[in-house]
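Below you'll find a set of structures to go through.
In what follows, subunit A forms one complex with subunit B and a second complex with subunit C.
Up next is the complex of A and B:
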């Protein structure tokens, strides 16, 4: 784990020293400008979102007549339910997916058995096959099983996540064998070892794996487009697509919807950024 | 049936294989049913054809693939996807590398400014597509900005020449920050001592970058390049939401082409053949990645 290094406090001060800072500020602002503009637009009365652009000024990103009307109208329509659906689907996916991934990772990391290599290969292969590519064949199967427009249909593809299993397995392998053997001598069963030793020790890996599961669901677009089209079962992104595809687009509402769908994962990601970085450092490079 | 583990000794208990199965079964079932089986189904389905004349679905061997091979639209889509890949992947990796080097330095508020670049990662693909769709509108803010600089309004998504590049910018807005985090993690693994030693030998910043940073970043860089290639290969939401593959097929990326074949054209077996091609190409790219990684030894 990279720990902040505190060295060379006596750097030579040169005019070039501030160049990185200036570049960082400019680039950081460029990347956030679209988001700020959307946030500002969402607070404007709907008909004024695209108005007044011929005079670009600081007012373009700072609304002077802020109002929450767009959000209120938005949540009175179908969108509120769609966001709720997204939250439910993501939450169930994280809980069930973590349980499935953690038990599987435990099975792989702790036991010696014939065919472990084959099982591991299945897991690797399953996360190398890109989900969007197989979404169309899977959707045909789900329709045959009558799972279209059901929560189960929306949730199921998210719970089997090879990457989450892989992340947790890497972490579980580092748990000292002595702990397990001591616990066995004390008469603790395997389920107890899993719940009382491995899970509590693996908080960072569990958060990272949970983040993987959450992101998969929150970002998915093709799957809910294929399987959840009925208004009562639409997820946020699909409802947003409907909003922006209407004959007369209410941009204020579109912006408010974009803000809602972004703020939820943004808060999660920024709070857990540390684990996110660890997870990708662990998954990609090791 | 019991095999003795050759190296490590373990406490004796109920068969390890049976125990492992209890723990592994639910996840394995999910992975097989939801990942591997659909891939297999696509493969089987791609070998069949549903005849509209007599309503019978029958085995046709590789006929769908032969049709695909002879289909100018498939090749048009392949060309678009290839051009898209050849531009977007080097662009994203180079920008991500530059930003990783920049944000890995220590200066006032480095973490804060970095999180601003990181922020678009949170934006779901459908949302980023909608946001940029509005930014690109003829009367939208980008043209207003260009107008303020005295540059004539651009057609962006409505022009066959510009639409693909407009999508590249849109996708990179999210992608660059994402790939940057991998490279920053890689940079932080390089010990400061290496740089200190090189500094004492009189290496300048550029020499340090070329002779230390780049070689030691080889693994994260190759990983990012492959992961970016795979993920950009599957771009779908912005095409479906903004351009529908147009204008003039200029943004008809392969994932959208598959979708169009399956649902607009309605020939599912033909579309499955394209799914198989898509998965095969992706797996080939990942296999290359795996080889690259193994070259440097595991664990």
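Up next is the complex of A and C:
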């Protein structure tokens, strides 16, 4: 009983101790409100989405007259194809981009060659220049190469990603040299070392680099607008933009499209985020 | 192990499929079924142009149309980039009518003198004029426009107020609108008195300044001298700023959201375009009416007009097919009516216009009674086009920022002076 009496004052002060946690939960909930509002809007008839814009109440995030009509109408049009295009473009970018980035990072991390520092500096510089700044002249070049309205034209700029190379190089540098030397003694070639030692050890970094490549392509707006505007090659974000006409907008459909385009990367990121954190920790960025 | 293998197999299959798709995408886009494709680019949804494309393809079995929608906010940038790169993959594109001089000056519009006589005969005089620059026809007009005053009949009834009439001779003044709007707010619980659909757009604001004799805002022989600090402009913009400062109209609500606020019963009055007629009519529980756009008590009645024409890319290698498509949409009654089948805009074609007006009369409900008469009157008597200048693009951008700032509290006179100075600097490069 004495112990119980001794513990009770501590319990009384526990809310104060948990205040940061409570604050974090409240702030987290506040951050989800706009997302819930978009989700609720996507389940409302188009003309009612913005009707209660300024009076925030529980009805703002809970649709009382929920309907899936917006989603049905959306996928009866060209939006489904645009989402599929986005998935294809992002998947190819991740696969091919990872292969290129990993081999480039391996070269930079393992081989000691003349000009290595200069090459690495160029790679660092490449991801510090905003892509939009070079998109317009690059689009003219792609057009001259007849790459407009092709998947290749959409995918190519996303493949050579300096940040992905940087992330992987930093991770590869941490692989013990003894492992490489032992493998060399056992007769393993450089390709074998890359494939059998570096790649299996670098799974978190590969996932992080893959996510970098994926988000670059998934969020891309300016580039597909310049190079892939034909309906058959349109990507999700552009299809979302074209749901709004010059005169009339169906916000229900716009919100439904926004939900679809958010849920796909959300699922990918949530599924893989723990590897991403590990990789950032291991890359020396944190 | 099985899981790993299946995952690997899945990845491999996805990569192979995606690579195949990528390679397939590299193949050229030859016209399907031997039909030549007219590549058409515009800011509307695909649904808007579906009827006219179907009608054209039925009438011309050897041709087909590939429509590429571009988000409206990016249309001008995309056109600028692609046309300046001599892009041959656009044949026909939508031309915002006040931009005809600028597009012509940049060499982005094909000379259409070959169909000048037919165009002059087919479309209204005002629409013919707006599609020319330096006496040369540069594009074919498709739509024109006007604005109406829409009112919420239930709110006015609740406030015990008589609704405005449809006769242009009994046009209400802006001052009267605000007085009745305030009363309706007090008695019916409406949040606002008046909603203006095109808040930050020159199209929606020009009539305010013109009504008070402020002019278009551009003057000079070369139409590259700003005139936005006239008494009329300052008075109109001061009124406009006060509208929001007094809480009679909402700040922070974009143009596209205004109609939703109106149909939700948040304000008794809404000034907007003819495209709202169809959207409002589809709302069964919404009781509304139409009246002429107001004017200032001491000013003259002015309404906005102009809309979209279609032009041919000079670098197109399918110019003949492109012209046939444009002729169908602009110079034939059937084609012109098809352009408004999905979105109730006003056709530029004379025959189609008469049919459109007759349909409005024939199908008039209590809400749309007198709309055709208002439209005819406004287009003939009160419509004022946007200024014709090669600097209009920059003018629209600079003035859009000024309207937004004034709406959010900037003093009108100082902000207009700043816009004027900005325009002088910007237009110096165009002289």
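Heads up, the rule we're going with is that the second predicted complex is superposed on the first by the 242 of 286 C-alpha atoms of A that agree within 3 Å, B and C clash if a C-alpha of one lies under 4 Å from a C-alpha of the other, contacts with A are read in each partner's own complex, and residues count from 1 in each chain.
FYI, a contact is a pair of C-beta atoms (placed from the backbone, for glycine too) under 8 Å apart; a residue touches a chain by one contact, two chains touch by 3 or more.
Everything numeric in this text was worked out from a predicted model, so none of it was measured.
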Subunit B and subunit C placed together on subunit A: clash or fit? clash
* To do: Considering only the touch criterion stated at the top, classify A:190 as touching first (subunit B), second (subunit C), both, or neither.
  => first
- Is A:230 touching the first partner subunit B, the second partner subunit C, both, or neither of them? second
* Asked: Which of the two partners, first being subunit B and second being subunit C, lies in contact with A:37: first, second, both, or neither?
  -> first
- Message: In the overlaid three-chain picture, which partner chain does A:246 touch, first (subunit B) or second (subunit C), both, or neither?
- Response: second
Does the superposition put A:151 against subunit B (first), subunit C (second), both, or neither? second
(Q) With both complexes overlaid on chain A, does A:118 touch subunit B (first), subunit C (second), both or neither? (A) neither
For A:265 in the superposed arrangement: first (subunit B), second (subunit C), both or neither? first
Only subunit B stretch among 9-17, 45-53, 81-89 or 153-161 with CA clashes against subunit C is 153-161
The shared contact residues of subunit A with subunit B and subunit C are 50, 53-54, 136, 140, 225, 238, 241, 244-245, 251
Subunit C contacts subunit A in the complex at 11, 14-15, 17-19, 21-26, 28-29, 41, 43-48, 66-74, 78, 81-82, 85, 87, 89, 191, 250, 253, 256-257, 260-261, 263-264, 266, 273, 275, 279, 283, 308, 343, 345
Residue positions on subunit A within touch of subunit B in the complex are 2, 5, 7, 18, 20-21, 23-25, 27-29, 31-32, 34-35, 37-38, 50, 53-54, 56, 60, 100-101, 103-104, 106-108, 110-116, 119, 122-123, 125-138, 140-141, 156-157, 159-160, 162, 165, 181, 184, 190, 194, 218-219, 221-222, 225, 236-238, 240-241, 244-245, 251, 254, 258, 261-262, 265-266, 268-270, 273, 276-277, 280-281, 284-286
Subunit A partner, complex, touching residues on subunit B are 3, 5, 8, 10-11, 13, 15-17, 19-24, 26-28, 30-39, 41-42, 45, 99, 102-103, 105, 107-110, 112-127, 130-135, 137, 139-141, 144-145, 147-148, 173, 177, 181-182, 184-186, 188-189, 192, 219-220, 223-224, 227, 230, 233-234, 236-237, 240-241, 255, 258-259, 262, 268, 271-272, 275, 278-279, 282-283, 286, 299
In the complex, subunit A touches subunit C at residues 47-54, 77-78, 88, 91-92, 95, 136, 139-140, 143, 146-155, 225-226, 229-231, 233, 238, 241-249, 251
